[in-house]
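Next up: the structures, one after another.
Two complexes follow with chain A in common, the first pairing it with chain B and the second with chain C.
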Partner chain A sequence: MIDSLYIAWKYISYNKIKTATLVACITLISFLPLSLQLLLVESERQLMSRAVSTPLVVGAKGSSLDLVMNTLYFDDEVPELITVDASNRVMETDLALPIPIYARFQARGNPIVGTTLDYFDFRGLKIAQGRQLAVLGDCVLGAKVAETLGLKPGDSLVSSPETLFDLAGVYPLKMKVVGVLEKSHTSDDLAVFVDLKTAWVIQGLGHGHEDVTKLRDPTLVLKRTEKNVAATAKLYHHTEITEENIDSFHFHGDLAQYPITAVIALPSDEKSGTILRGRYLSREETQQIVRPQDVIDGLLQNIFRIKNVLDAVISVVALATILAVLLVFALSLRLRQREIQTIFKLGCRRATIARLLTAEIFIIVIMSAVFCGAMIFLINQFSNDLVRMLFIR
Partner chain B sequence: MWDVSKEMRTSSLSHIAYLTSLVIHFRLHTFINVGVSMIKIQALEFQYPSGEFRLSIDEFSITKGSKVAVIGPSGSGKTTLLNLIAGIMTPLKGAVGVGDIQVSGLDDRERRDFRITNIGFVFQDFELLDYLNVLDNILHPFRITGALTLDREVRARAVALAQEMGIGDKLKRNSNDLSHGEKQRVAICRALLPLPKLILADEATGNLDPENKGLILDLLFQSVEDHDATLLAVTHDYELLKRFDRVVDFEEFHQGEAA
Partner chain C sequence: MAIIRSCLNQIPRIVSLFIAICIASAIANPGKGSAEEKLTIYVVNYPLKYFAERIAGEHATVVFSAPADVDPAYWMPDAKTISDYQRADLILLNGANYAKWVNKVSLPRFRMVNTSEAFKDRYIEAAEILTHSHGAQGKHAHEALAFTTWIDFSLAAEQAKAIAKALNRKKPSLEDIFQRNYQELEKDLLKLDRDMRALVSKDPSKPFVVSHPVYDYLARGYGLKIKSVHWEPDEVVDDRQLMELQNILKDDPAKWMIWEGEPIKESVEKLKAIGMQSVVFDPCGNTPDQGNFISMMQQNVENLKAAFH
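Here is the complex of A and B:
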């Protein structure tokens, strides 16, 4: 058998292009369904584990999927906004602890999540370096963000405008990195956490500027009355919150009406959760309460329905590939008729001729299996990140 | 000894005319030599299943250790004769014996084993494998059968044989990178390595220039003598016939039949 493998190897290494093509075909057709299955299983695990650990989410009526994907995985698709009142409403029921989430803005491609300190306790997120959020303008980075951007406590991070030409909209805010979280292998690794108020400053709802009552430049004042001073657009707004200017930052209007994207509700027990859900059933209700597990379950069912279609497509492609590979072997056999005739004339047994050809197929299949195995191993190693990059975020 | 000068006069036209002949009948009583026979054929009848070509030999033998040339026009059955002796083909009737073995009485597997251990075949087109280097081509018969064992001694013999043939410095070269003469030397090495009792050469010098023809024949004869083998060579090179111990002419027989 060793001699057959030796001769087969010599033939294979001499016909490099043919061998490479065959190996690539078999490798890809084996790799595709296996890797797809691997990624789907990992995505199911990730999606479900986070969904199961998040009991209830309150948000504006509309797409429950957008609401859950934004609240749990900080997806780019921002659901219709609700106000802090929605959080207060949950609190007033005494049925659950509300954690407001405002996941709307981004900093260098990473979502900025405005929330309260309860969120860190709820998710079990620990500070690896630095400290927790304390002052307006502070931000705490997910492990992957810190690693990717090369940031550490003491550095700063500037928020990105919502659109490039949004001159009158969101002002970039230079945030101070005060802490980096431990790796959690969830979407939290890819987020920038700030206090809700910092998120509102990014939006422009809270701002800091010179004391308008002490302005000396007349071009800065639009209208001055005894109670009120209206400043012109020339008035300088602070783009960074520092110890010197922090006192100048303030919010106009009722904070209860300030926007958030969702409220994570943590009911004290199952009964409280059920009662709370009942409070949002009214037809006139403008908000919805969802169980993320149900929403993600529905999503996964759709994904697996698509996977079944993909499996069918891959099966047809695999069949076509196998037929093509068989054709290549058949043509190769025909091309090698003279060689087969020669070794027959020399005295080679029938079984040996069959063994030579089998050895060739065996080596090609083994090479394909090794390549496929190596690629699957790599996919498996990075499946966690790949799933978040491809399917979640 | 066969009269070579008569063969030299054979015209190519008569060869072409001969191709139309459908039945070839041999009577080779005159060629039977006294001595130990290496090849012995008796009452042989052969016909291709798909064709009308027929070969009939009443009696034919070759003495052990002799160097015999077979000449005759294309299509006269020279290669068929070699194939029957090697057990590549089997006769419809009659007996083919090589040494003590009745080749025609062996089954397919036994014939293959017999061939690879007893016969050294040198082909006109060398039949080297392009994906193997020179050494691997020489060793090839040992890798394709369980009847031969490839060991250190065989490898050493292969290298020594290649050096004798003047290709010792080209062992690692791919067979495609060799000249015609070098390829034929490799083919001869491959045929001789299992130390066969009988060497069958099918137009072994057919594709070579005159200088290489002489050289290859020298090497072949030397090897046959060194290894105490017998040579049966089909050839069209009439100028080389005088170097053989015997010449068997298919055409001469045909003329005799026609007369």
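Here is the complex of A and C:
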């Protein structure tokens, strides 16, 4: 057998191009469905684990998928906004604890997530470097963001304007990086976390400027009456929050009316969760409450439906490839007819010739299996990041 | 065999000795378990510290971090202090926009309790607001709410009730103790409330001028007629301020000025010269040099008696 394998190997190494083509065909046709399966299993694991660990999400009525994807994975698609009142409403029921989320803005391509400190406890996120959010303007980076942008505590990060063409819009805010989170292998690694109030400053709802009642420059004052001072657009708004100017930052009006994208509701038990869900069933209700697990389940069913179609396509392609490979072998046998005759005339039995050809096929299949295994191993190593890059974000 | 039998005979003695050691160690450290479970409560002003201490008793450590010489309403804690607040089991807020720093820092919402939430519909909008406008947001104003809620003692009792409720939630096993302590505190606060009502009822139309705009809840709660100036007790009143006062007195001929702290002698004399007496009603936002919240408020009521004599 060793002799047959040796002769087969010599033949294969002589016909390099033919062998490489055959190995590539078999490798690809086995790698495609296996890798797809691997990535789908990983995406299901990632999507479901985060969805299962998030009991309920409250948001504006509309696409529940957009709401869940934005709240759990900080997707770019921003659902219709609700107000902090929605969070207070959950709190007042005494059935669940609310965590408001405002995932609307971005900083250098990474989502800025405005929330409260409770979010970190809820997700079990720990600070790896630096400290937790403390004052307005602080931000804490997900592990991947810090790695990609090369940022560490003490550096700064500027928020991106929502649209480049909004020239009269809000100035970007220069945030202070105060901490970097430990790697969690979830979407939290790819986010920039700020306090809810800092997110409102980014939006321009909270701002810091000189005391308008003490303005000396007449070009800054449009109109001054006993009850009101109207400042001109020239009035400088701080674009960075520092120890010196933090006192000048303020919010106008009732903070309960300020915007958020969603509320994560953490019911004390199953019964409380069910009762809470019942409170959002009225026809006039402007908000919806969803179980992320149900929404992601629906999404996965669609993904698996698409996967079935893909599997069928791959099966047809695989069949065609196998037929092509068989054809290559058959043609190759015909081309090697004289060579086979010579071996036969040299005294080899037909069984020996069959063994030689089987050894050739065996070596090609083994080589393909090795390549395929190596590629699957690589995919498996990076499946976590690949899934988030390809499917989730 | 004999050795094994002798060892087996010793087992009951060893077990008895072990049980005795356990009982002895439990007797030697009776309070260890409860001390370890002590709650850490951070507050934003002295009245809340006093209420929390009265209600929680030995079951909590109540921390009020503002230095003694600052007004806690306008104080800004440093990063280390903010981090201490973040680690607390409970953070008691006064509400009504008191302690402006709360809106500028990150605190865990689940552990924050707005003690005036129950009467937020009864917050008082500050009388003098200068609005301003810039950008597309239209007119807006700063400092819209009066925040010295606790000097209406019935509201102070409601704040104490909110603290008791929060403590009950944190430690349901101690509910009876918290409830009993709260009822005692409520009794003291409601007695102050009755005393104030009885005092003001002697002459409800008597006008007062107050040295600082912090008495809105006192005025509304007890029907006091007040006009406000913005004077500091440790600064001598100047002519401009006196003129401003004279203008007020034209419409409201008050004979008494209520100060938030002991005024300096020169100011008292200047007021006397225009026929006005001085009386101190300390809102006690920060820790008093001596006494406690109740004794300070009793003193305030006592001080006011001179005006209603």
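By our rule, the second predicted complex is superposed on the first by the 392 of 393 C-alpha atoms of A that agree within 3 Å, B and C clash if a C-alpha of one lies under 4 Å from a C-alpha of the other, contacts with A are read in each partner's own complex, and residues count from 1 in each chain.
Please note the rule applied: contacts are C-beta pairs under 8 Å (C-beta built on N, C-alpha and C of every residue); 3 or more make two chains touch, one makes a residue touch a chain.
Keep in mind the model is a prediction, meaning the values are calculated, not measured.
Contact with neither chain B nor chain C is seen for A:323 once the two complexes are overlaid on the shared chain. By the touch criterion stated above, A:306 is placed in contact with neither chain B nor chain C. In the superposed pair of complexes, A:195 makes contact with chain C only, with no contact to chain B. Comparing chain C and chain B on the residues of chain A they touch gives the larger count to C.
In the superposed pair of complexes, A:52 makes contact with neither chain B nor chain C.
Once the two complexes are overlaid on the shared chain, A:24 sits clear of chain B and of chain C alike. In the superposition on chain A, A:135 contacts chain C only, with no contact to chain B.
Shared-chain residue A:347: touches chain B; no touch with chain C. Across the superposed pair, chain B and chain C touch chain A at no common residue.
Taken together, the chain A residues at the contact with chain B in this complex read 3-4, 6-7, 10-11, 13-15, 338-339, 342-350, 352, 356. Of all residues in chain C, only 76, 79, 82-83, 86, 103-110, 129-135, 137, 139-142 touch chain A in the complex they form.
Residue ranges on chain A touching chain C, taken from their complex, read 97-99, 116-118, 121, 131-136, 138, 195, 197, 204, 209, 212-213, 227-233, 235, 246-247, 249-253, 255. Only residues 86, 88, 108-109, 112-117, 119, 121, 123, 127, 129-132, 136, 140-147, 150, 190 of chain B touch chain A when the two sit together in their complex.
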